[in-house]
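Letters are used for the chains, namely A, B, C and D, taken in the order the chains are written, and counting of residues starts over at 1 for each.
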Amino acid sequence: MKINRRAQQRTVEIVSNKKVGAYHHMIFAVGDMALHALPGNFVAISVGGPGSAMVLRRAFAIYRTHDRGNYGGTLELVVAPHGQGSKWLTALPMHATVDMVGPLGTNFGIPTEPVNALLVGGGYGSAPLFGLAELLKDGGSRVDMVLGASSAGKIYAPLEGKRAVNSMTITTDDGSAGTKGQVVSVLPGLIERHNVDIIYSCGPMAMLAAIQDIAAQTGIIHQCAVEESMACGIGVCMTCVVPLRDEAGVIRMSRSCVDGPVMDGANVLWNSGGKIPAGTYGAPNV
Amino acid sequence: MRQMSNFNYSTNFQNAVFPNPIFTASGCAGSGKELAQFFPLGEIGAVVTKSIMVKARSGRPTPRMAETPSGMLNSIGLQGPGIDQFIAEDIPFLQKNGARIVVSIAGESVDDYGSLARRLRGVPGLSALEVNISCPNVENRGQVFACDPIASRSVVEVVRRVLGGELPIIVKLSPDVTDIVAIANEVISAGADGLALINTLLGMVIDVDTMRPKLGGKTGGLSGPAIRPVAVRAIYQVHQAFPKIPILGMGGVASGGDALEMVLAGASGISVGTATFGNPNAVIKIRDELANLLIERGFTTFKEAVGFAHRSENAG
Amino acid sequence: MRQMSNFNYSTNFQNAVFPNPIFTASGCAGSGKELAQFFPLGEIGAVVTKSIMVKARSGRPTPRMAETPSGMLNSIGLQGPGIDQFIAEDIPFLQKNGARIVVSIAGESVDDYGSLARRLRGVPGLSALEVNISCPNVENRGQVFACDPIASRSVVEVVRRVLGGELPIIVKLSPDVTDIVAIANEVISAGADGLALINTLLGMVIDVDTMRPKLGGKTGGLSGPAIRPVAVRAIYQVHQAFPKIPILGMGGVASGGDALEMVLAGASGISVGTATFGNPNAVIKIRDELANLLIERGFTTFKEAVGFAHRSENAG
Amino acid sequence: MKINRRAQQRTVEIVSNKKVGAYHHMIFAVGDMALHALPGNFVAISVGGPGSAMVLRRAFAIYRTHDRGNYGGTLELVVAPHGQGSKWLTALPMHATVDMVGPLGTNFGIPTEPVNALLVGGGYGSAPLFGLAELLKDGGSRVDMVLGASSAGKIYAPLEGKRAVNSMTITTDDGSAGTKGQVVSVLPGLIERHNVDIIYSCGPMAMLAAIQDIAAQTGIIHQCAVEESMACGIGVCMTCVVPLRDEAGVIRMSRSCVDGPVMDGANVLWNSGGKIPAGTYGAPNV
């Protein structure tokens, strides 16, 4: 329960904004914010400009960062033009500036020894996995990746990313790329084939829940980056909570912006179906 | 800030003195720790803590928020650790960090408010108590205290009795009433030293995809710039009726100009809530902008500006 | 609009039938002439006329408006020509242009409402009466009728008595009350056939340059998207309590999606006010967008969607 | 009391946006909307784009129009970046589009015979006067012009406009251009010197009121374009009213968007000091 100590607020410049499939790959000149970001962290961006009716920031998982280059430190995002906020952001021209707070939240834990890791991403959920893959490979781990989406255009998998992993499996709901179906359908086979020790995942909550079911059956560690509606991103509003079992076994409504987004999948009470799970700390006695 | 040195920015609520009038809003500053990451807590007038209840509370199910035009709905449901853990952990952190502390309390019964006041009475280093009466009264068919003049009065009476004259009591009212001046009258005569105006408006958003209410708790509280005109009106009306009672104004303040509107309407202090979600440094920005605007307008003390919209009216 | 031919868009308020549920909002469509410049008035469900009083009224001094975040304040003060000239000039124009007409009336006393109903009773070609009770009751210290259950009831009773069963009565309520369901209950039992929800919220803006209230009338009515969550909540609560009473929903509707929210919450018709100021063709745009959204969601009649957020809830 | 019958709503493209002193001179491709505009008319533009907190249009006096050119019909405005709406508008790039309703309101009346006309503009209030000057000159009238503003940068007077009039007098409050002082100080002299028959004016309400005082003293006709806060611009909201005496002598709170902006200065009840003037039709009997 603590805000990311490295978080800073600054005005950053867009130095690249390219449409890639259904997404925009955007690069921001962020100075030393880039130094502090770890895979799994996110940033929160003001949207709409002055006179906007949108009062809340939008959260985006950090795709990757570079400490130094033509523009100094840079930070990259993969953004889906979805509603008004993300459409405004992806429509910005080069050199436009935005107000960014980051890095925020927890990061994926990196094992101290080489492991066999399976990285699973849904839609733009693939974004934080490529930086993670690099770190894992650097540490000598085997990295296999599975990316799923509704259709081919919604798979974000840049060539260098594909190359950096030991294997890449694609699934699409409509079969327009890779295996037809959802990511979970291919997981059991991959887990067995590659003797997976740990699963890292990022994507829609329903996908994460399904992955946890598989992880639980096979006893594999599962670190997932959750995505709950966030009003503040910095831990002050209590909107972004998920039921999470703490070390002492107590279930608490925990903030996914400071106790997450990366959480241990085994500790999240999935499928609480829009209810406070029975036994949660402070739950009404009904 | 120009000439800041000659400008007296301080304000007070009865015997509680603050170096400047910009506070956080209850429920919008976490435990203080999270904001301390962005600025030293002693820099602002006070930290108003999230409303604390007798026992720990899990709050409402998610989704707990929906953005709305120039505002947002929340249905947190007062998630919190309960008074004991709050006193043991949150208060010491705030004190250590040099924050002036206004503790907000909330109860489900009149007795709850009494117990909370009793627990807080002896705690050193508190500036004031904010009494949040926008809570369902479980003893009275769940009707919100703040919507019932009698229940509001009872709460304030018990808190006043428990505290004696030690800590100033600021009672936070709901705008969802037919006559806010009448409610203000009740709580003032029951012993309130000041009023906090306004809490959120009851609202709802329906998700047009699921075709059901968007929030887990169905209804939520509307905050942000959308409600500012309602807040300014409430402050103006109440200050007009009770010009000697200090008001902590809030509801959609996101800039120094917004704060100035409320000060001119009659607010002796300003709480900043939703704006912090959009900008972690909002409280500092607003503090500086308001000071500049007041100095530009020739005020030499903050207090001269409080309620000025009423005075210039009588003059002109 | 896809498949528009198979979709039954009609709605009714008691015996008044409308080909579609999108109406103008009272006071936001001039005399009808001004909008007729942009689209044929027969294209929309109905024109709700600006509230008419017994005598001509000059309205309030200027400035009469202030833009606010996602909304605006107005203090027109019911400027208008009085009932006689209205019946002689405005009604014939609307009839000649094929508009269905809902006449909004406003009074300063219970008798005023009776006189207005009497004058309108014989006028041919009216679909319904909207009774605006958000007016100061000069006989009762200027308290707004809609804020007083007894006064609200008296107004509706007299209008009902004068009209008999001829014209459906839609009573327009104010959101500025502690318990809107209680007020709804009064006016329904007094004979209202339907309810219009919501009128504007009382608000104020202070001009930080002049340091005085911006509006000539000091306070004004807040409208526009800012208040939509309050409107949706009011519609939801009242429909839950009185599922058989048709509701004309309004407050910040600017798109088909906004209208759909209100329909799902329980509105049988939608009035569009402030959005017309931003877009003269807003009513037509919203009419078409709402139809498309309903068809996309598999509804074959508009009426199936009314209050759907309540039903899916019981189901799920 | 009737809306401009020629009004239309359309999406129009910005084909030029140049900073000129304190203003932006903006040209819009408006198709046949250009055909219908007369000097004194205005347009109403949506500001802020999607997701904007600004729900009302902004009104701008039409500076001039051209029926045909590279971009078809064009319409020109002179916009002061003042608050959020006008700043948004003036910051738009070439080829951006905005939603425009126009032409709206009444126009300056043109005498059927040649006259001596004095045109008085305050700040951007000069904009509609240049088109008017052209029409008057075409009709054989003498046209003298006085433009006033707080300082030189706020005088909008393009060279071709200056050339088109018989004389041009400039006043500035700070003396940074022309005569130091306000426009009204130079009017009596000009009226006498040029034997003025009619004054046309456009600018802040206080200036118009002061001009009317002078016009009344000398018995000269005065047509002025007023500027009241407008919520709709099309006559449906009743926010933009000014007390105006009609032909029958009845004072009515009349809408400046449909009964104006151009009004006969002698019929306006100036200086009613934020009150409904006594005797106004429907005024409360107090």
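Here is the rule we use: a residue touches a chain if its C-beta (ideal position, glycine included) is under 8 Å from a C-beta of that chain, and two chains touch if they have at least 3 such contacts.
Given the structure is predicted, the values throughout are model-derived calculations rather than measurements.
Novice: B-D or A-B: which has the larger count of contacting C-beta pairs?
Specialist: Result: the pair with more contacts is A-B.
Novice: Going by the average position of its CA atoms, which chain sits the greatest distance from chain A?
Specialist: D
Novice: Please report how many Å separate the Cα centroid of chain B from that of chain C, as a whole number.
Specialist: Inter-chain centre distance comes to 34 Å.
Novice: Which integer distance in Å separates the CA centroid of chain B from that of chain D?
Specialist: About 46 Å separates the centre of chain B from that of chain D.
Novice: From the mean C-alpha coordinate of chain A to that of chain B, what's the distance rounded to whole Å?
Specialist: That gives a centre separation of 35 Å.
Novice: Roughly how many whole angstrom separate the Cα centroids of chain A and chain D?
Specialist: Roughly 55 Å, centre to centre.
Novice: If you look at chain B, which of its residues touch at least two other chains?
Specialist: 66, 69-71, 224-225
Novice: Could you list the positions in chain D whose residues touch two or more of the other chains?
Specialist: Within chain D, the residues that touch at least two other chains are 53-54.
Novice: Which word fits the touch map of the chains here: line, ring, star, complete or other?
Specialist: Here the contact pattern is complete, since every chain touches every other one.
Novice: Would you mind writing out the residues of chain B in touch with chain A in their complex?
Specialist: 27-30, 33-35, 37-38, 50, 55-67, 69-72, 74, 76, 79-82, 216, 224-225, 254, 274-281
Novice: In their complex, what parts of chain B are in touch with chain C?
Specialist: It comes out as residues 66, 68-71, 73, 147, 176-179, 201-206, 208, 210-213, 219-220, 222, 224-230, 232-233, 236, 252, 257, 260-261, 264-265, 293, 297, 308-309, 312-313, 316.
Novice: Which stretch or stretches of chain A touch chain D in the complex?
Specialist: Chain A reaches chain D through residues 47-48, 50-54, 84-85, 87-88.
Novice: Which chain C residues qualify as touching chain A in the complex?
Specialist: Per the stated touch rule, the residues are 69-70, 225.
Novice: How about chain D: which of its residues touch chain C in the complex?
Specialist: Per the stated touch rule, the residues are 2-3, 5, 7, 9, 46, 53-57, 99, 101, 228-229, 231-242, 252-253, 258, 272, 274-276, 280-284.
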